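Contents: one structure, followed by commentary.
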Amino acid sequence: MIVIMRPQTTQEEINMLKQKIESENDVTVNVINGKECSILGLVGDTTKVDADKIRANEFVENVEKVQQPYKLSNRLFHPDDTVIKVKNASIGGDELAVIAGPCSVESEEQIVKIAQDVKKSGAKFLRGGAFKPRTSPYSFQGLRTRGLDLLKIARQETGLPIVTEIMSADMIDKFVEDVDVIQVGARNMQNFELLKQLGKTNKPILLKRGLSATIQELLMSAEYIMSEGNENVILCERGIRTFETYTRNTLDLSAIPAIKRLSHLPVIVDPSHAAGLWWMVEPLAKAAVAVGADGLMIEVHNDPANAKCDGQQSIKPKVFEQLMNDISKIPGKTIHKAYDTVNV
Amino acid sequence: MIVIMRPQTTQEEINMLKQKIESENDVTVNVINGKECSILGLVGDTTKVDADKIRANEFVENVEKVQQPYKLSNRLFHPDDTVIKVKNASIGGDELAVIAGPCSVESEEQIVKIAQDVKKSGAKFLRGGAFKPRTSPYSFQGLRTRGLDLLKIARQETGLPIVTEIMSADMIDKFVEDVDVIQVGARNMQNFELLKQLGKTNKPILLKRGLSATIQELLMSAEYIMSEGNENVILCERGIRTFETYTRNTLDLSAIPAIKRLSHLPVIVDPSHAAGLWWMVEPLAKAAVAVGADGLMIEVHNDPANAKCDGQQSIKPKVFEQLMNDISKIPGKTIHKAYDTVNV
Amino acid sequence: MIVIMRPQTTQEEINMLKQKIESENDVTVNVINGKECSILGLVGDTTKVDADKIRANEFVENVEKVQQPYKLSNRLFHPDDTVIKVKNASIGGDELAVIAGPCSVESEEQIVKIAQDVKKSGAKFLRGGAFKPRTSPYSFQGLRTRGLDLLKIARQETGLPIVTEIMSADMIDKFVEDVDVIQVGARNMQNFELLKQLGKTNKPILLKRGLSATIQELLMSAEYIMSEGNENVILCERGIRTFETYTRNTLDLSAIPAIKRLSHLPVIVDPSHAAGLWWMVEPLAKAAVAVGADGLMIEVHNDPANAKCDGQQSIKPKVFEQLMNDISKIPGKTIHKAYDTVNV
Amino acid sequence: MIVIMRPQTTQEEINMLKQKIESENDVTVNVINGKECSILGLVGDTTKVDADKIRANEFVENVEKVQQPYKLSNRLFHPDDTVIKVKNASIGGDELAVIAGPCSVESEEQIVKIAQDVKKSGAKFLRGGAFKPRTSPYSFQGLRTRGLDLLKIARQETGLPIVTEIMSADMIDKFVEDVDVIQVGARNMQNFELLKQLGKTNKPILLKRGLSATIQELLMSAEYIMSEGNENVILCERGIRTFETYTRNTLDLSAIPAIKRLSHLPVIVDPSHAAGLWWMVEPLAKAAVAVGADGLMIEVHNDPANAKCDGQQSIKPKVFEQLMNDISKIPGKTIHKAYDTVNV
């Protein structure tokens, strides 16, 4: 960590700050006196040093972090890729993990039929929302616990592990019992109380990046779960909010190689929510594979025009089948090995 | 609501969609056949029409909302300003409501002393975090229920109503009992389960705008609370996330006149969190008053350099006293009356 | 175009506006009287209707455009893909067009050597900056006309057509004589005087998307060039500015299928400038091919650590060779044909 | 400047980089060996050190700038406020400088009448566009040189100095002769060739912040003008591009105290372009004064509904008169003196 002092700060004040930082943290402070201003270099484990507290000092101009503030999710301390096993399937290994299914569970017939269809095309996991976070209180809020029951029927029929979103901590026990992968939605990425409680389970957690979360904040939210003991975290890029309005969000595919470099956790891409346009799912899914994602999360619906939720971004089973076929021709997943090499 | 059809859509397909929309909703559909494409105009109560469902139709290019999707928070149906009374104070009336106090409650001595100081300078409410949403699990997480107890002592000593943040629905009963205004933080603005539960209480809720929430989304979150029966919602602008990194967030003061036009709910400004820089609190607070805010939320700490949280954005009691003095000279609060007039 | 009137606007005022719009434009206005507000639907060629002028009316709440405001670049009026031929090469056809070379031309030896290297690996065009737009006046500003001379030597040695950036209209004659493709940089995307002057030439123009330009604004800037008579415009996605700071900009790969749907112009991707990190060029270039881009623009330098400009994002010739090899295995370019089909 | 090395970099490589940096720049490099990585602290005049070049080194993780990269516009080297005199008026002194007038000059009658009206209400400068940067080539492009002639007539009639936008370097001689303050629009903020040419004149330059320009980039563009010899630069905040669409741009009022701290140059606010909504001009103008701006730039039109450009954001002369009256009651301009004090 680097502390940049304001110009004209006296050596006395610098020394006082140096002593204060050293007394409160397990670090050594090196002082470099520059031409216009001095800087302090903190050496040691700075993960737990509170930068804002130092910034509150009147003579401090700014504080820059050198070390990443996350430990458990940091590739530096865990060089090998994490592979998360879920029943017969896995996320993070050599094989691309494809999660597919409708935005929301609507009926037994619907979810079972779609589950069978996506399984046939090669999906390894079934998604389906039971509890739905909707911007409007007047929109369909999901079948809730009845939705979980229907997902279980679909799992029984197909053997596909189920992935579904949790919206409040009071449902954790039920989700742990019923569900294979618990999803935390973008809007709850910094619902820290929920993250902490999920950290006390041992279920795989699919953590979606918040609409305006930086990559570092996403990793810090993973850290919340991991620091409570649950290291089974899968990250998911699903578009960030920008000024561009043609797509609902802007899919940030650069986040995949970035996360691969910074962390050992698996990371997948959700092209359906990113664009919010069904006809973009195909090219964006291909790009996600090419960029090195560990998996995809795709919305598939047998009747998008009558879907209770997000039909505009759902593809039909036949389009999904074609997509799975196309994707199989794209070399992916080995790409990030290149990052270890130098630019020769 | 306007539905824009794709070019070359046939009249038959247009008619089918028209009939479908009319059969599923309480609206009349008017068709306008344009040169390159046709548009459908939906007349009636379109608040509950699901735009995404229509967008899922293959022949639909786009759907534009004409009517605002919120009702209870909409000024159109409630022209007069809402004034929320909290003990002897109120928010939304003629007087500027100033909420002040430390980022987090640290000790009885600290919170009582600051409460006395800010009261002396004219603050009408005491703020102080007991449960703290921190980006890092390794940062100070607040004194939690012990913090609530200390806030109650400070209230007893000063008579100031207390404002503090809730982070999970399981604490609602305790907050209803202990606290005067329950704050929902920016990161929980779309924690819909929490909002619904808060809607079942009758406590005033201070709802902060999410880092990447549009003004409309903020009003939709207010609608979540109000649609459950609790109409005591106070909105708070606290900066949005942009590309500019000099300030922590970018304070969007345009949101104040915008919200005043769109909604009858009171809206206040938090300049401390917006900038994240103590020396900007003063000019931004003045601007907030001049732009027509109903109140301010200011972080005040007697020893910022040793604050456990956000010291870099806290001002000292003497600076706060000076600020309150300066603010009293700025004409505010009546400004938005101008919006009813036409541009003459 | 749709005009949304303010609530409670009288029929008389609506009729006056209808007549005014019809008298000033070649359109017919349809009035739909809604429950809370009325809307006007404008039918005819609305490309030239000034939405802002209508918005200036006191009784108008908002104006929504239905028709795209661009004509010459619009796929609606020009369904087939435009292919731009440059000497033996072309951009927009079946073959991926790869433009490669250093950020800036530094010496004859440097540019000739890199040109030979990238040609050997399969690049079809040589890039190299002679006039450099730098954020700081104290940074290297390019070899300017001397740089153009060196590019010509490299072209003579390799036969590769040259692509280089123009920064002011007074250099157009020289560029037309010396250069094969004239690049307009992101910072000049809305330098409308420059665009107009380039529209009077018949040189292919490579138009880079501005840092905060929407896709529509990019197409409007293409329209500036085309409306003066030059239809040889190639678009380039090179990252947009967002809140994420890990990468220099956020590469918006969704823009490729979006542009393919909206326009017939070819569109390429520059992964080097987008990320600003050499080790991200490889995965992002692969993703760009998979998403359906017509070409790539890649910075290659034989000695990045001593490059006069942007060395941190340049890959070495051997890495480029490997990249070209990898890219050849990715199916691309046919992807956008899917957009014509419906979601079956 | 701080150079953060990648983890596990050897001392040999660190020493080689240290020597290289010292040999190429007039700085001393201090090495701090941290637990996980080492950092280099560069001491000396780092303004001209090329951070990107260092970043290109394979063993470098990142480079952080400590010193601001601008010198001439930097308050550190020029503590007193710059006051720019234009005829009888000035910008940057004790008095608020108000520039008012129509978006575009339309006729002699129009510009003279508005000039008289705004002068009567207290404006000190007349604005009016002759060359108009429009997103669409099909929109009104301004009266061009005829517009300059009309502005001169209005100046003769009222004595108000005139402010108008330049769009290309070939017009500089004419602007120097005809105009009192030359405006560089947001879209040309990084048209570096234009900036350099303007730096060779001695006319006051009003430099508007680009839509996605950081405060630092704005100051670097000022530096381009100043480094050529023209120190008469006035900065203008006019809204930045964010995800919020209710307003056209988001006015960043935090930029005013930030610029006041970082630079000695005067800075004004344009609330008309920021919001793009006439009824927001009033509250935002008041906020701009309260936050400490040196002046305002306001669009005033006598017939907004028939304005050839931007009528939706123009206020009528009577509204402007009322605004000037209201503004006179807001204490401003002395605010930034507080920034020198510490938080006591």
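Every chain is named by a letter (A, B, C and D) in the order it is written, and numbering of its residues begins at 1.
In the analysis below, contacts are C-beta pairs under 8 Å (C-beta built on N, C-alpha and C of every residue); 3 or more make two chains touch, one makes a residue touch a chain.
Worth saying up front: this structure is predicted, and the values here are computed from it rather than measured.
Taking the options A-D, A-B or B-C in turn, the interface that duplicates C-D in more than half of its contact pairs by residue number is A-B. Separating the CA-averaged centres of chain A and chain D is a span of 38 Å.
Chain A and chain C have CA centres that are 31 Å apart.
Our note on geometry: chain A versus chain B, Cα centroid distance of 26 Å, whole angstroms.
Among the residues of chain A, those in touch with two or more other chains are 58, 212, 241-243, 245, 278, 304, 343. Arrangement of the chains shown, judged by which pairs touch: all-to-all, with no pair of chains left without contact. Those residues of chain C that touch chain A in the complex are listed here as 212, 214-216, 240, 242-247, 250-258, 261, 274-275, 278-280, 282-284, 286-292, 304, 315-316, 318-319, 326, 329-331, 335-336, 338-339, 343-344.
Those residues of chain A that touch chain B in the shared complex are 47-48, 50, 52-53, 55-58, 69-70, 133-140, 167-170, 187-188, 190-194, 196, 210-212, 217, 220, 223-224, 227-228, 241, 278, 304-312, 314. Remark: chain D residues 2, 4, 7, 30, 32-37, 39, 41, 43-45, 58, 64, 66-67, 76, 212, 241-243, 245, 342-343 touch chain A in the complex.
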